[in-house]
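Look at the two complexes coming up: chain A is in both, with chain B in one and chain C in the other.
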Partner chain A sequence: MFQRGYVLRVAILIVFSMVLGCSKSVRYGDSKGIETVSIEFGSTDLQKIAEEMTRSMLVSQLVVTGNRPLMTVQDVKNLTSEYIDTRAITDSIRTELARSGVVRFVVDEEAMAQQVSELERQQDGEYYNQEVIAERGKMLGAAYRLEGSIRSIVKQNSDVKDVYYKVNLQVWEIQTGILEWSDETDIRKIRD
Partner chain B sequence: MRFRFKQLRYLSVLGFLFFLVSCSFMGKKNGCPNGDVVFVGDIGDIEIVEVSCIPKDGILRVLVEIKNDDSKDRSLAYRFDWFDEEGVVLGRDEAWKTVYLYPKEVKTIRGTAPNWLATDAKFLIKK
Partner chain C sequence: MLLRLIGIFVSACVLAGCQSLSQYEVELNQVSEAILSGQLDDALGLHERRYVTANQLLYFLEAGELYWLKGDYDQALKFWRAADQLVQAWESLARLDTGLIAQDVGSVLINDKVKSYQGYDFEKVMLTTRIALTHLMTGDVAAARVAIKATHEREAIIERFRERQALLVAQEDTQISYRIDDLNGYPIETIDASELNSLRNSYQNAFSHYLAGFIYEQLNEPSLSAPGYRKAIQLKSNHPVLRAGLIGLEKRIKRPDDDGYTDLLIVYEEGLSPAKMSFEINGLVAHDGAITYVPFSVPVYSARSELPQSSVTVADDVIEFSPDIVDIDLMSRRSLKDEMPAIIARSLLRSGLKVSMQSAADDLDESGAVGDLVALATIVTESADDRSWRLLPARIGVGRVLMDRGTHHIEFRSGSSKRSMDVVVDGKYMLLFMRRVGAQWYVKQVFFD
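== the complex of A and B ==
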């Protein structure tokens, strides 16, 4: 026959170990590391696409001429069956190109409403010095537009899931409609 | 005195052998001021055959030829660090990217500098 105190101590120990077993620790990881938590589109895929495409454009005839062309960004169409924040792809590409200094970006469609709103605020407001306000009709239009798409092929059986992503980006000259640059990259992920 | 001369000969042969071994380990470097290769941890039977730096249109490009000497498929991660002419690292860290190698396969990994300031590169590879 066990003593009551002994049983209580054992019970507390069991509860304590259960609590410890259930708790999960939090730690910081390498934001540039290879992420293989799941087979879905992830940070490694985003970084690979953005980096490869940017570096490819850097050595293209479009930018090596040194003219620093004016460009606008349109969305990368998500033609896969999963949710992908494709704006993150174009944002990363735009940031890296802007940092390299070889391309200049003008306001894109998404930011146009904010741009116009700010212009009107300066024009119509009585609080601004009218000699130094931004004038209407001075914005520059882009000479090129960047667009693209991401597609996927998914194959699956009871043991294996295979996902193949293909990303294609293009730069079109707006005035002439000429395709000035295009490149593609692919990613294959297998879960078994 | 004669004994010392013999020792010297052995030492010079050993030195030459060491030079050959280290050259074959690191691979050839073409056009890179340093062109360092860094193995992050043990990567097994992977050979760096050649590292070439090619400046073109003001942008540095690096080609790294690697060989899988293993009898199994290997998936490795790699990235480049880029340096300006004063040896200062440029920009943020690159993302690690994967490369897949079949047994005995030789593959060329291409790297392009993030801007025209880069004059040197370091190639990092890990499991």
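== the complex of A and C ==
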């Protein structure tokens, strides 16, 4: 009886997996929908952080009373043990702020090499109209820099995994070293 | 029902043919002998002759390793990509769970070698790590990034799959309870040592994460590089090279390209991954109210070999160096230990089926000829699954040093074996790869601006 039951179970599994194999398809999902595929840092977390931080910055004194301040984006340090591309967070925030038109961004350290390369290409090239090329020494330096960090606390036992993320962003005035804006948001995910 | 099973059994034996009877270690012995004597072309020729009978995944994995050692990176990538496609198919099944269980049906009737070889979890992780390493060797850091990202995504899939599997096993009301300790005469110490049990799991390795840190660092992505170094430290705590990787990250990223120094990463690999053999045991199976002894086989490793003392001498500075970041030998044993309860359960189930079939055959044919045939097939086909990616190194180590650019004399020592050479150190970063197999040293290098 035991063997017969096993063979029957295996047969059912084979048929079931064949059916599943046939029914696989590709579909589009809602890019803003809540993603709970795994407990690791995901698209919903990224969007939540970017939206909350952008909203907070848009109502800050720096943005409301400032005259379209010039800002540069620096590193958001990943202090977790997860592979989180924090540039995706800062890119989203920068895009939203730039779209609002209340903050202007200048080239950051990461893109500086490309910026300089393009300037030199125009300066040194014989193919460009020298009257309208970008001139050296005209780039604007940022008045403020955006930086931050993401940390996590992970607790796990045999039944439950609990992950807590804390994201902190700050805007510093470069000339004076004054902290002009700071905010933090947290996310807690539990899998059981 | 049993008569039908006899028919299936005999048919399956015929269909499974050589694959169920062959010894992987014997098959690969000539290939590994050729590597030990430095005859890589011979090794490749011998391996290519195995193409028809070999399991596809294993064939691709071993072929990739041979071309990698030879320095033919295009061919290595071709075979490893083919292997990776098969592993990706496994990943798709792992997400659904069900398909993987269904594939075990042949192993219940004949032996575990009938199962299509899906690779051990640590082999799946090492595969994309090796693809990343090969891309680095060709100077394509962006492609290496894609492969190393796939490595940690694969680790996450394996982690989730194994968690779900453990949950299912815990919930299952199993009718067979047999512990490793019950295996009479089995050298239990080969798969149950304190250092083996101290591994977090059988598939994560510090080298893959350290390499991820190194690749992301080159691409100036500190938010991804830091967790790579951090995870490596978690897997191999208190290792000075790994700790220095994380501590010095910010300083290294800000280092100018033209300061005249090169950040040299030395990857040092030793030996071949351990070979498995078949170990025969007499198990107890209940049949018709009586307890019967039946022979069944489980895989076994030979005792672990001692780690040789190694060092690297750069100019006159001796750096104590040990291939101790990843111990694939240990990971292989841990994998077997984790899998052993399932292997024993399948073996006992198979033995029970075979006893039932022989009994039914004896009832069917009073002359005993059919019963003898089934008994013979039972003995002949009872052999443990000894397959594994054998050409992987047994151990991996890393060293890292900031050197002034130019030609340097570097000497490697491992036990009584040594290799010295002049190396041109250049670029902002450089990777020097060394692999020792027996008395042979395989060396490769690449630098990155």
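Assume the second predicted complex is superposed on the first by the 169 of 192 C-alpha atoms of A that agree within 3 Å, B and C clash if a C-alpha of one lies under 4 Å from a C-alpha of the other, contacts with A are read in each partner's own complex, and residues count from 1 in each chain.
Here is the rule we use: a contact is a pair of C-beta atoms (placed from the backbone, for glycine too) under 8 Å apart; a residue touches a chain by one contact, two chains touch by 3 or more.
All values reported here derive from a predicted model rather than from experimental measurement.
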If we overlay the two complexes on their shared chain A, which of chain B and chain C does A:Gly101 touch? Say first, second, both or neither. first
Once the structures are superposed on A, label A:Val76 by its partner contacts, choosing first (chain B), second (chain C), both or neither. second
Once the structures are superposed on A, label A:Glu110 by its partner contacts, choosing first (chain B), second (chain C), both or neither. second
Could you look at A:Val64 and tell me whether it touches chain B, chain C, both or neither (first, second, both, neither)? first
Based on the superposed arrangement, let me know which partner A:Ser152 touches: chain B (first), chain C (second), both, or neither? neither
Per residue count on chain A, the busier partner among chain B and chain C is C
State whether A:Thr44 touches chain B only (first), chain C only (second), both chains, or neither. first
Answer with first, second, both or neither: which of chain B and chain C does A:Arg87 touch in the superposed model? second
Which stretch or stretches of chain C touch chain A in the complex? 1, 5, 92-93, 96, 98-99, 101-102, 104-105, 108, 149, 152, 156, 160, 175, 212, 220-224, 226-228, 230-231, 234, 349, 352-353, 356
As the complex stands, chain A meets chain B at residues 30, 32-34, 44, 47-48, 51, 54-56, 58-59, 64, 96, 99-102
Provide the residue numbers of chain B that touch chain A in the complex, in ascending order. 56-59, 61, 77, 79, 91, 93-98, 111-116
For the complex, give me every residue of chain A touching chain C. 2-4, 6-7, 10, 13-14, 16-17, 20-21, 24, 38, 40, 75-87, 110
